[in-house]
Amino acid sequence: MVEFYEFSYTLVAILASWSMYATLYGKPSPFRSWAESSFIGFTMGLNLVVVFNYVLRTGWEPISRGNWMPAVGILLGLLMILRLFPKYSYISRIPIAISLGTNLAISLRTTIFTGFINQIQATIVPFWIPGNLYQSILNTTVSVSVVLMLSFFLYSTELKGPLKYTSKIGEYALYVALGAVFAQTFMGRLGLLSGYMQSILDPAWKIPYTFGFLIIVFAGVLILDRYGLLEKYSD
Amino acid sequence: MSQGNIFKTMATLDRRVIYLLIFLLVLAPTLRPLGLPITITQPTITFYSYLQDLDESDVVWAAWETGFSAWNELKAGIIATYREVIKSGAKMVVAFGTVEDIAVFKLVFGDPDDGVRGILTPELEQYDYQYGRDYVVLGYVLVNEASTSSLAADLHAVVTNDYKGRTLAGTFYDDLVNAGSFSLIIDFSPGMQTNAMIRHWVMDYGTPMIEGAIGVNIPSLAPYIDTGHLKAMLQSTRGSAELEFLAGVPGPGLTSMDAFTLVHYLVVLFIIMGNIGYFGWEKNAKQTTRTAAG
Amino acid sequence: MASLLRRKETSLILIGLSFFIVTGVYFFNVATLNNFSNNLVLMVSVLNAMSILLALYSQTRRSLLLFRQKAHGWPYQIYLVIIIYLMAALGFIYGQSSQQFMWFQYAILNPTGSVIYSVLAFYMASACARAFRARSPQAAMLLISGIIVLMGQAPLTGVFAPFLGAAGTYLTSSFAMAASRVFTMSVTVGAVVLGVRIITGKESSAIGFEGG
């Protein structure tokens, strides 16, 4: 026996999901407009509440422990809103400047290592590993490909002589890489699709409602399209 | 039907036919699983080995960053992973990276205070894994890189209460200092604070990190496996299904593998068919032009 | 005071000060500096989180403007504004982990958030059938590589054609990884260069001043 709480939100969820899938029809529809507006509105409301609680916990509560500095962040955050008022927007440069400087310091110090030096270190690997042919081929491919692809991205110098050939090979290597990346991206999207389809078909009590709402939504879209009302009632 | 028309049809297949086929191949195996076999890949084996090495003396930093958008892709992996963590008896500190993760967490762990049962509530009861003693939930604290880096440096300076405002004093959280206090970081994320945790938790404190990545992020996170910043990566739904198989608890991941297989083959067929159609149609058009001119 | 705040130099000094306070702790082992730096980072995390207010104001203003102009689709704008504040009110009244607040997340955010991204699977499949053409050697290589990896990713392939699975793994572990590494390194260099330019005042558009 399903609780009313789960039953009610499941029904609305199924309706909302088919309304969103109405995008596939190729034309705007009121179902899709409703689903999109709901998504934006509820997300923003949720963000407001959760972020407010975060600001309260992290910015305001430390005052009770004698630490007033995080609370200054609340004041600076409010000053940032002045960006929207041309007469006072110059004040918003203070919080933006402090935020920029701090974030640069936080990220630059470590990103140089994780995103550059360590990546170079990982590229300079032995081409031949005795007893491990696959790893040897892999190491060679990665190291050579990185260099060739980098030569393809040289825009500040004329690509002539050896550079012309390395950049060409690098370009081909890049296209091979992009094909692989496309396949991995598709796998992710398919995983999301199949995962969500499961959630509206399992357990079995959801099945009639899933197909019922599918018929309702797409019949609705077809009827509205037949009478030329899709555009009129969409956003 | 003339040869030219067949090629034209293959090259310009109606979008709606494509969408319908995809829907059918996803819906049908979900309703009636075929039970097609799967193979296990090395990345999942490595990921599983880190979970198997956990024991009661370990403390895990569990970063939940999926939100709803990546939940359906990674849910099988999340459920299988945290089942292993519960079984191992390792302590767990849960932190959220998106505003929706409170709701996602409740789906999995339930809420004992409200009497809400989650997917893993049977395991929580079976292994007597209790809130406060074995796991605590900090809430939405992985807001941005600044907060992630603050947490890495000093947990107690940032968070002293849990996500419901209750004090964490008196729990195992008292013994934790910074990122170095943890044995393992488990991160399921569409890429929210993953790079920040690699930079500030892994690089500065050497805490090992394993990642459950969505398909889109696999290429961008793979270099970090190579550099050793990430120890293992669970690759999207496929990796999640493999983890379920290794753990011996079939779930939504394995169920979706039939659809995975069929749709992948369909898409390959589309590519081949589309190109055969295109080149056949183009060749026919050229021949027709030559014939007309000649 | 206003003239002082309007000057570009004031913003640059603030950027520089913040930057050196946070990085200075790695050069000077002074407890006070350490403490101040940690608090500064915490303060900035709160400040960054409050940018939600900008989004809220912009969205509310835009929706009300479209409503006043009775632009096409204005009922949806009013609906949007109402549910923003309704959802926020529910959260503030009942609490962010309450059942009432969760209901809307399970009913609306879960399905719409999932479908928005999963619809791309259909578009990608459609592109495969209708747009991906091997018109050039580069495009052919992209398609062949894509086909091999797609076949390798299908779980069943490893059972009847293990070589395809291995080939797919090789392509993702070598070429795709190399490309990602190149992008990572390039983005990092770009980020570092941009950061240095901002700190030295050469990139003042970041702080709202025109020109270099």
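Before moving on, here are some points about what is shown:
Letters A, B and C name the chains as they come in the text, with residue numbers starting at 1 for each one.
Here is the rule we go by: contacts are C-beta pairs under 8 Å (C-beta built on N, C-alpha and C of every residue); 3 or more make two chains touch, one makes a residue touch a chain.
Owing to the predicted nature of the structure, the values given are computational and were not obtained by experimental measurement.
Using mean Cα coordinates as chain centres, the one most removed from chain C is B. Relative to the centroid of all protein Cα atoms, the closest per-chain Cα centroid is that of A.
Mean C-alpha positions place chain B and chain C at a centre distance of 18 Å.
Between the CA-based centres of chain A and chain B the separation comes to 13 Å, rounded to the whole angstrom. Note: centroid distance chain A to chain C, computed from Cα atoms, is 6 Å. Counting partner chains per residue, chain C has residues 41-42, 44-45, 48-49, 96, 99, 105-106, 109-110, 113-114, 116-118, 121-122, 124-125, 143, 146-147, 150, 153, 172-173, 176-177, 179-181, 184 touching two or more of them.
The residues of chain A that reach two or more other chains are 24, 43, 46-47, 49-51, 53-54, 58, 67, 102-103, 106-107, 111, 119, 122, 142, 180-181, 184-187, 189-190, 192-193, 195-196, 199, listed in rising order. Those residues of chain B in touch with two or more other chains are numbered 15, 19, 22, 69, 71-72, 100, 102, 143, 146-147, 149, 157-158, 218-219, 223, 226, 238, 260, 263-264, 267. Residue ranges on chain A touching chain B, taken from their complex, read 24, 26, 43, 46-47, 49-51, 53-54, 57-58, 61, 65, 67, 102-103, 106-107, 110-111, 113-114, 118-119, 121-122, 142, 180-181, 184-199, 201-202, 207.
The residues of chain C lying in touch with chain A in their complex are 2, 5-6, 10-12, 14-23, 26, 36, 39-59, 72-73, 76-77, 79-88, 90-92, 96, 99, 101, 103-122, 124-125, 137-139, 141-147, 149-150, 153, 168, 170-182, 184-189, 191-192, 195, 198-199, 206-208. For chain B in complex with chain C, the touching residues are 11-13, 15, 18-19, 22, 36-39, 41, 67-69, 71-72, 100, 102-103, 106-107, 111, 114, 116, 143-144, 146-147, 149-150, 153-154, 157-158, 163-164, 218-220, 222-223, 226, 238, 241, 257, 260-261, 263-268, 270-275, 278. By the touch criterion given at the top, residues 5, 8-10, 12-14, 16-17, 20-21, 23-24, 33-55, 58-59, 62, 67, 69-70, 72-74, 76-78, 80-81, 83-84, 89-109, 111-112, 115-116, 119-120, 122-123, 134, 137-138, 141-142, 145-146, 149-150, 153, 171-187, 189-190, 192-193, 195-196, 199-200, 234-235 of chain A touch chain C in their complex.
Of all residues in chain B, those touching chain A in their complex are 15-16, 19, 22, 26-27, 30-31, 69-73, 75-76, 99-100, 102, 139-141, 143, 145-147, 149, 157-161, 165, 195-196, 198-200, 203-204, 214-219, 223-224, 226-229, 235-238, 240, 252, 255-256, 259-260, 263-264, 267.
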